[in-house]
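Read through the structures below before going on.
Paired with subunit B in one complex and with subunit C in the other, subunit A is shared by the two complexes that follow.
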Partner chain A sequence: MNLNHLYAVIYITFMDGLRKKSIIGLIIFAAMMIMGGTLFMDFFGRDIGKASIDYLFSIMWLCGFIFLLFHAVSACVLDDEHRNSLTALSRPISRNEYITGTFIGLAILLGCLQLLLGIASYGILQWVQESIATRYFPYFSIYYFLLSVIGVILQQYLLLAVIVFFTTLLRGVFPVILATISYQLIGSGIPVVRKSIQQTLETDHSGHSSQNFMQVLAAFFPDLNQLDFKNLITTPFLHIEHLGLSLLSITIYICIILGLACFIYSKKDLY
Partner chain B sequence: MIDIAAINKTYPIQLGEKKSYQALRNVSFQLSRGKTLGLIGANGAGKSSCIRIMMGFIKADSGNVRILKRPPFQASSKEQIGYLPEQPCFPKNLSCIEILRFCGKSSGMTNSKIKESSEYWLKKLNLWNVRHRLLRTYSKGMQQRASFAMALIHNPSLLILDEPMSGLDPIGRADIVRIIEQLQEQGKSILFCSHILDDVARLADKIVILHQGEVLFDDNLESLYMTTSESVEEAFLRIVGAQA
Partner chain C sequence: MLYRSTFAIILIAYAGLFSIVDKRNMQEATSLQYPWPTAILEISGPLKSIIADSMYIHLTTYLGDGDMSEQVQRRNPQSIAYFDAITTLHPYLRDTYYMAASTLPWVSPENTRTTNQLLMRSKPLWKPQEEWMLPFFIGFNHFYFLNEPIKASNYIYEASQVSQGLTWLSHLASTLAAQGGNVRTALFWLNAMYKIEDNKEIRQRYAKEIIIFKKAVSIQEAVNLYFTKYHHYPSSLALLVPEFIKEVPKKIDNYILHYHSPNVSLNKRSQHAR
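Now for the complex of A and B:
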């Protein structure tokens, strides 16, 4: 893979996205949601630290998801439909370099958005902590806060890789959005179903086939909850089990999905 | 420079269609170094399919394609190709100078060379004063000229131009014709598609007429005419009409 080619694709993907009015609108929307949330902090009661963190991380997740569905999908699909991809592929850029560069360009843009929201959220949390009595918000760990932001970013990088994969398989924006939402719903539903099956197995030992099926599904839909660290920000004594393994497994999963996307795209006719 | 031998292409059935569509049937032609080939045909004749195959965007079902002695799917085979698409297609939120920097970087040019070549082509194509404006604010003619600059920035030896005069006003068209003539003098090999047959007659050394995916004529311009008074349009209609 030629780094000059990769840099060229990353540059145009990043700059094109950065200047889109919808992205600027999304940042304003996120800032308003974060600032607006502070008006309701008084209603949160005793567990204000946890409630604030839940609220702020939900905003970060929502903004990232909007970015993925309404910018990343259209950037990848419209690129093909509007034949922007042909501009890149008419240069000595391979299809693998194009797919990887597009993913990295969008990932940098998404990372910047989440970092911006992370900084704003950190400021709000500091302000909330200083505004109330210590017993209502006794502990706040910046390290776990950073880890939680990384967790959110990594979860959304996985979805971004899935979007890139679906755009190589499907045609049009709508099918890709539908497939991505389905993937997200199935992925977030599997841990709940798995827990339910485990509870059933404790009383009834005949459900092993369901458990095996869930394990197979888990290979295709990794448990994104393993990257949700936000509860640790206010509860310092919890241990993070298998942290490295979680980060590594999701990173490997992203690489596999991108590898598959590259393989399919290299075989595809670009009409 | 270009060697196409007996290629066939059938597009698979799409949703809502009843049968597949054969775009190219046993198409063969060659373009030698320093020559200009005009690829002409009615809409749906297969010109764009030919160009997509030459650029490696789609694969031929059968036959052999060699561009600069290499298969078109190799990314490195495009180092010496300048491609102008039928419709300008680039990310519209970039400025002209940024997209040229992208083109230069991806072709392995140094920053100083990119700067020098960008300035030369942007001035030649009357885009120098608007080089920092976003491409989405350009008129269609300006976008077409920007595409031309993108195709030429890395000084390619082979040019593949799909409707190079599309969207241009008479002045812009005359400028492009003049630039193509200069490129011919520099010894570039040029393949171009055009509906404007007068331009083809003026610029091409060799003509290939495609009709319903088949090559009906492949020879020098002089061989196209039946009489000395016949125009290229009359000759085209005669050949295509005889087939119909």
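Now for the complex of A and C:
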């Protein structure tokens, strides 16, 4: 893989994203929603800090999800439909470089968006903590805050890799959006089903085959809740199980999905 | 002209319909419906905390500022379903537990047991955040609503372990244990408290109570000896005299001795009077 070629694709994808007015609109929307969080905390008597964090991280996640569904999908699919990809590929750029470059370019853009929202959220949380009594917001760990932001970004990088994968597999914006939403829902649903099967197993000791089947499914649709660290910001004493392993397994999963996307795209008929 | 008048009629019709629909919607907003099943809500993944927060806001809006228990009674199953869903989706939100403890148990004993089950979900917060109020609520519910002093004493003792410096909690736990017929445990806790207490006056009070509790324990031991010898428990403490004890002390200072076969218990006189 030629790094100069890769850099060129990353640069084009990144600059193309920056030029889109919808991204600026999304940032303004997010800023307004984050400001609105100051009203949200009024509804809570004790856990003002926790409620504010829930709200701000939900806004971050939602903005990232909107970015993925409405910018990343169209950036990948429309490149194919408008034959932009052919222009790029007519240069000495391999298909693997094109897919990897597009992913990294979009990932940098998404990372910048989340970083911006993260800084704004940190400012709001600092202000909230200073403006209320200590007992309503006793703990605020900057390290866990950073870890939570990284968790959100990693969750969305995984979805981005899945979008890139579906783009190589399907044609059209709508099927890719539908497949991505289905992926997200299945991924969030599997832990709930597994928990339910586990409870059944404890009482009547049947359903081992379903449990094994769900375990296999969970390998294909990893539990994104393992990257949700926002509860630790206000309750830093909670135990995180296998943090390093979780981060590493999700990173490897992203690489596998990207590898598969590169493989399928290299075989895809673009005409 | 025709267009303008038609437009005006449509506008007036919309205003009329809007006011009717809005009035209905506002009435529905102050009532409480069953929430979606928790399993469905959990699929929302990273948004489940904010969904739980929103449900909490909806619940508090329904409960209002007046008699919250009365509001719960009107929609009891729905309220319980809400509390259950919120604590499942977001077990670290303390506000929900405080709200549940202050509203649900007053309705019925079933509600009290449900409240205690909900409060148990907050256990990971007790020790690290010194949240002694949450186990205290469980203990209070066992004592006040369910008349289960032994269980109450266990939770209040746990609350005393969670809190730092609230020695009265341990004392309350030992008193409840004695009242429930577990005088040996009560004596054990009281001895521990006596050892760690620095305040001279409180130590003197504990020392006095230790003597009383020791007397109760000696009577309990006599009951056990009676059982070993005759293979049944005595129907009254009077049967222990003179073989096992010299006399039955009916009142020991400000405590009254009770016997409900096979347990000897101590009740504070003021509580007994109540």
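Note that the second predicted complex is superposed on the first by the 271 of 271 C-alpha atoms of A that agree within 3 Å, B and C clash if a C-alpha of one lies under 4 Å from a C-alpha of the other, contacts with A are read in each partner's own complex, and residues count from 1 in each chain.
As a convention for this text, a residue touches a chain if its C-beta (ideal position, glycine included) is under 8 Å from a C-beta of that chain, and two chains touch if they have at least 3 such contacts.
Only a predicted model underlies this, so the values are computations on that prediction, with no experimental measurement involved.
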Just to be sure I read the superposition right, which of the two partners does A:Ser188 touch: subunit B = first, subunit C = second, or both, or neither? second
Check the residue A:Lys20 against both partner chains and state whether it touches subunit B (first), subunit C (second), both, or neither. first
Applying the document's definition of touch, where does A:Ser94 land relative to subunit B and subunit C: first, second, both, or neither? first
Name the contact category of A:His208: first (subunit B only), second (subunit C only), both, or neither. neither
Regarding the shared-chain residue A:His242, is it in contact with subunit B (first), subunit C (second), both, or neither? neither
Which partner does A:Ser196 reach: the first (subunit B), the second (subunit C), both, or neither? second
Quick check on the output: what are the common subunit A residues between the subunit B footprint and the subunit C footprint? none
Applying the document's contact rule, which stretches of subunit A touch subunit C when the two form their complex? 40, 43-47, 50-51, 54-55, 57-58, 61-62, 138, 152, 155, 184-185, 187-189, 191-192, 196, 224-225, 228, 230-231, 234-235, 237-238
Subunit A residues touching subunit B - in the complex, by the definition given at the top: 4-5, 7-9, 11-13, 15-20, 82-84, 86-95, 97, 269-271
Contacting residues of subunit B [partner subunit A, same complex]: 11, 52, 55-59, 75-79, 81, 83, 85, 87, 89-94, 98-99, 102-103, 105-108, 134, 150
State the interface residues of subunit C toward subunit A in the complex, per the touch definition above. 39, 42-47, 49-50, 52-53, 56-57, 60, 90, 92-95, 98, 124-125, 128-129
